[in-house]
Amino acid sequence: MGSFKGHALPGSFFLIGGLWWTGKYSFWCATRRNKCLGSTRLASRASQRRLEVIESSLMLFFSVVGMLAEQFAAGGPRLRLYDTSENQWKDLMNWQHATMYLFFSLAGAISLIVHATEAAPLALDRLALALAFFIEGFLFVYHLHGRNMLDVHVHQMLLYGVFGQALVVFLEVFHRGNITLELLRSALCLLQGSWFWQIGYVLYPPRGGEWDLTDHNNIMFVTMCFCWHLAANMLIVGTLYCAISSAVRSRLKRTPPVEMGLLKHRDGELESDDEAV
Amino acid sequence: MGSFKGHALPGSFFLIGGLWWTGKYSFWCATRRNKCLGSTRLASRASQRRLEVIESSLMLFFSVVGMLAEQFAAGGPRLRLYDTSENQWKDLMNWQHATMYLFFSLAGAISLIVHATEAAPLALDRLALALAFFIEGFLFVYHLHGRNMLDVHVHQMLLYGVFGQALVVFLEVFHRGNITLELLRSALCLLQGSWFWQIGYVLYPPRGGEWDLTDHNNIMFVTMCFCWHLAANMLIVGTLYCAISSAVRSRLKRTPPVEMGLLKHRDGELESDDEAV
Amino acid sequence: MGSFKGHALPGSFFLIGGLWWTGKYSFWCATRRNKCLGSTRLASRASQRRLEVIESSLMLFFSVVGMLAEQFAAGGPRLRLYDTSENQWKDLMNWQHATMYLFFSLAGAISLIVHATEAAPLALDRLALALAFFIEGFLFVYHLHGRNMLDVHVHQMLLYGVFGQALVVFLEVFHRGNITLELLRSALCLLQGSWFWQIGYVLYPPRGGEWDLTDHNNIMFVTMCFCWHLAANMLIVGTLYCAISSAVRSRLKRTPPVEMGLLKHRDGELESDDEAV
Amino acid sequence: MGSFKGHALPGSFFLIGGLWWTGKYSFWCATRRNKCLGSTRLASRASQRRLEVIESSLMLFFSVVGMLAEQFAAGGPRLRLYDTSENQWKDLMNWQHATMYLFFSLAGAISLIVHATEAAPLALDRLALALAFFIEGFLFVYHLHGRNMLDVHVHQMLLYGVFGQALVVFLEVFHRGNITLELLRSALCLLQGSWFWQIGYVLYPPRGGEWDLTDHNNIMFVTMCFCWHLAANMLIVGTLYCAISSAVRSRLKRTPPVEMGLLKHRDGELESDDEAV
């Protein structure tokens, strides 16, 4: 990944994922809070499930693409792990990134099985996702050997985000459907995305003008900058949440429900999905 | 902040905040425990909400004032971040303190939205407050580079209080309305306040007579002194709690309720606020 | 405390406390599990409460005695904190031990108020106890500066027990009346007691024959020995639990209850005490 | 244990244990989810209990055998702890391994008592198991002094698995019967088993060809390899779970239940075992 693009690409994925989660959970929370207005017209249980299946498939697809790109793109190891001619491991960095993608693809696959077939208990999708984030952080910890002080520091900041997210998703195993945790997860995902971009700008400034990687003032600035990213992402999540909530409510009020009898029944189903842990 | 006043000021804010929380939660707990005496006359749901709105507004107001003071007071950076003439960051300390205030103002704003509009889920105010304390501690961790042993140590003691408080508030996301956690939070807030004063006295003794910043005995004394602060603050919280409880009970017993039918109804509302997480 | 007796004394207190807790909680658990046999004859709610009051009073009494002993026994600081003639702190060790006793006396006092007056919420007694254990460990952490390797190591082992116990008691704030946690707490308290004795034997062997404080094999042995203490204390707790359970059951079966109507009522009260958190 | 066999043996035990747990919990979960099809024919409460008793007995038996083997096999200490002729501890490594087995035998014994006699509260078996894993990790931490970098690293990876498992089992004290945690525990147990084999291959390659124990690339590879083990074990657990689920469902559908009245009753019993914590 040692390039600007190598950081911007995963950053963009996390940014899109964070925005998607913010939207999804805000919308579901708004429909849950407005049941009296017949909100299940907007999000029936079947449509929720379809959404989850699509999300899982996309996650699986892009993770597999990421794995293949790390292996077969120019300079990749092409599935060879050990270079017997030089007696050393081949492209360990690429293998490590491929391993990270592997766990996200596992999380996608498990989530797909959980939501498409009902064979597995619901909470497994969160557990797999928590493990994926944990392994991402775990590999980053041993990724930083022998680098410059500032290089290590920007990645350490990233680790706070990654492990924080792993913890939040793990808590969701026990507190599924808790909107507070879901919004926090979205904000941390956005934070990860925007911080990947920031790392790119700090380590490989696209417009030239290198940073002094050993100046302690830079470390203090970077720490503070990480907090600003968090604040900005919290603002984005908050704004989106409020916008979606009021949009849902105004639309529901404009078109009053007619078929109340049918909706009541769907409501029950809707809830059972959230609480069955 | 490198001055006595720079530590006494935030200390005073935390002391006032801690006393306020002790009073508020003791009062609400006393009214909850004495429902049979018709205590909702003293704290109806509407009055509780008004109180929360006022508290959030004050928090928001003082945090914004703090941010402005850090930026525009004598020697502040006046919103300039990088000094191009000297090629270095400008007044990073002030920027860091402003960042801390920023998260408290965010917490105030979110709490204001939660309690004034009902648009957002209740638990968000605790989450935002937990994040504010966490970020305060997080910035302090990277604040201590290259200082003297005792200087680092007194700030480490502070960190125990700050991170402990962040943890307690985060637990309140899941256990809202748990009086044990609320009193612990109040005591830790008082601890933070009184410890800021203590730091001022140790590092910038107002009556002269410098401390030896490298003597290990001083470190042992300071550790112990931190425990005494905690004990004293627990005593203060305990005394206030008992005083308020007995005051509420004696006042309720003097004036028996008449309109029982109405009160029953309000009771239900009162509880729903505490338990809806 | 730098002597064999100085470690044996607190060790004995913790041993007695651990045995007491094992007995108390085993007995209560046995009465709860045998309600159908009318076990409330053996442990009514009033008698439980009386027991708690006595326990708290004893805890308060001995902690105050401990504080006074640390201050006024031969070589104590007699409440003077700073020796102005030598410009240094006076007997910091004694002051630290007195501080530890202070928090246990606070825990005793709070527990006394909780159980004697009903003014305070039940969970506060556990919170105060958790804080007492936490502060004990906290002070020990900064107690070990500049000692020998083995000396530091035996105290580190102690810290595992102390912080483990603080954590378990803190969990009891949320899971009050969980017999698993209560037995774990008893075992850890016994562990602390027996380990204090072991520390005495290692650092101040009463029969002479000093240990080599820098030999790494000794450290490995001591680590293992700590595990044996834990195993032995788990066996003691287990044996006591089984003995008390079967004693209660056999006694209840010998004397069948007659006044069933009355007992039913008391049962309800009994439970409410355990679950009201 | 300093040999290939010494790592392969415990590894095999953990592998068998992990597979067993995966099968057991998958089967029970499948019967729970298919109650409407009369699944209690396959797993009545009595048969569940019998299974637990057998499992505990085997665990106790093999742990005791392990202890005896460590003591009396060739080169063992034969219960002598201190070699007075050489003034040093005798075979501390063997004693440490025997201590680990001791705690697993304790866990087995407690589990046996819990499931065979009903005298003890259910959650105790999980607590004892959590302690066994914790002590295993605890002794490993102090097991690694003065070894090579790679040797320390492969054992550190093991520690993640061991402490992770201790944490998961401790969580089960509070969330008994949570299939997500049970499957995670099974996967971590398999991970431990396969990683023991991997350690054997890395440190004592059976086909010769030593690894360079100080090369940093090897450390990076080993970290990644640990993640692959986890992924592979998650796949194994997942496949087994799906296979068992569909086998249970297809068999239940082939033979429809006849004696519905009786089964209803057994159902109630079945559940009470899982939820009584």
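Labels for the chains are A, B, C and D, by order of writing; each one numbers its residues from 1.
In this text, a contact is a pair of C-beta atoms (placed from the backbone, for glycine too) under 8 Å apart; a residue touches a chain by one contact, two chains touch by 3 or more.
Treat the numbers as computed from the prediction; the structure is a model and nothing was measured.
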Select the chain at the greatest separation from chain B, using centres from the mean of Cα atoms.
D
Need the CA-centroid distance for the pair chain A / chain C, whole Å please.
45
I'd like the Å distance between the centres of chain A and chain D, where a centre is the mean of that chain's Cα atoms.
32
Junction residues of chain A, two or more chains touched
none
Go through the chains and record each pair that touches.
A-B, A-D, B-C, C-D
Give every residue of chain C touching chain B within the complex, in rising order.
88-89, 92, 95-96, 99, 102-103, 106, 110, 113, 119-121, 123-124, 127-128, 131, 135, 138-139, 142-143, 145-146, 173-174, 277
Mind listing the chain D positions that touch chain A in their complex?
29, 160, 175, 178-180, 183-184, 216-221, 223-224, 227-228, 230-231, 234-235, 238, 241-242, 245-246
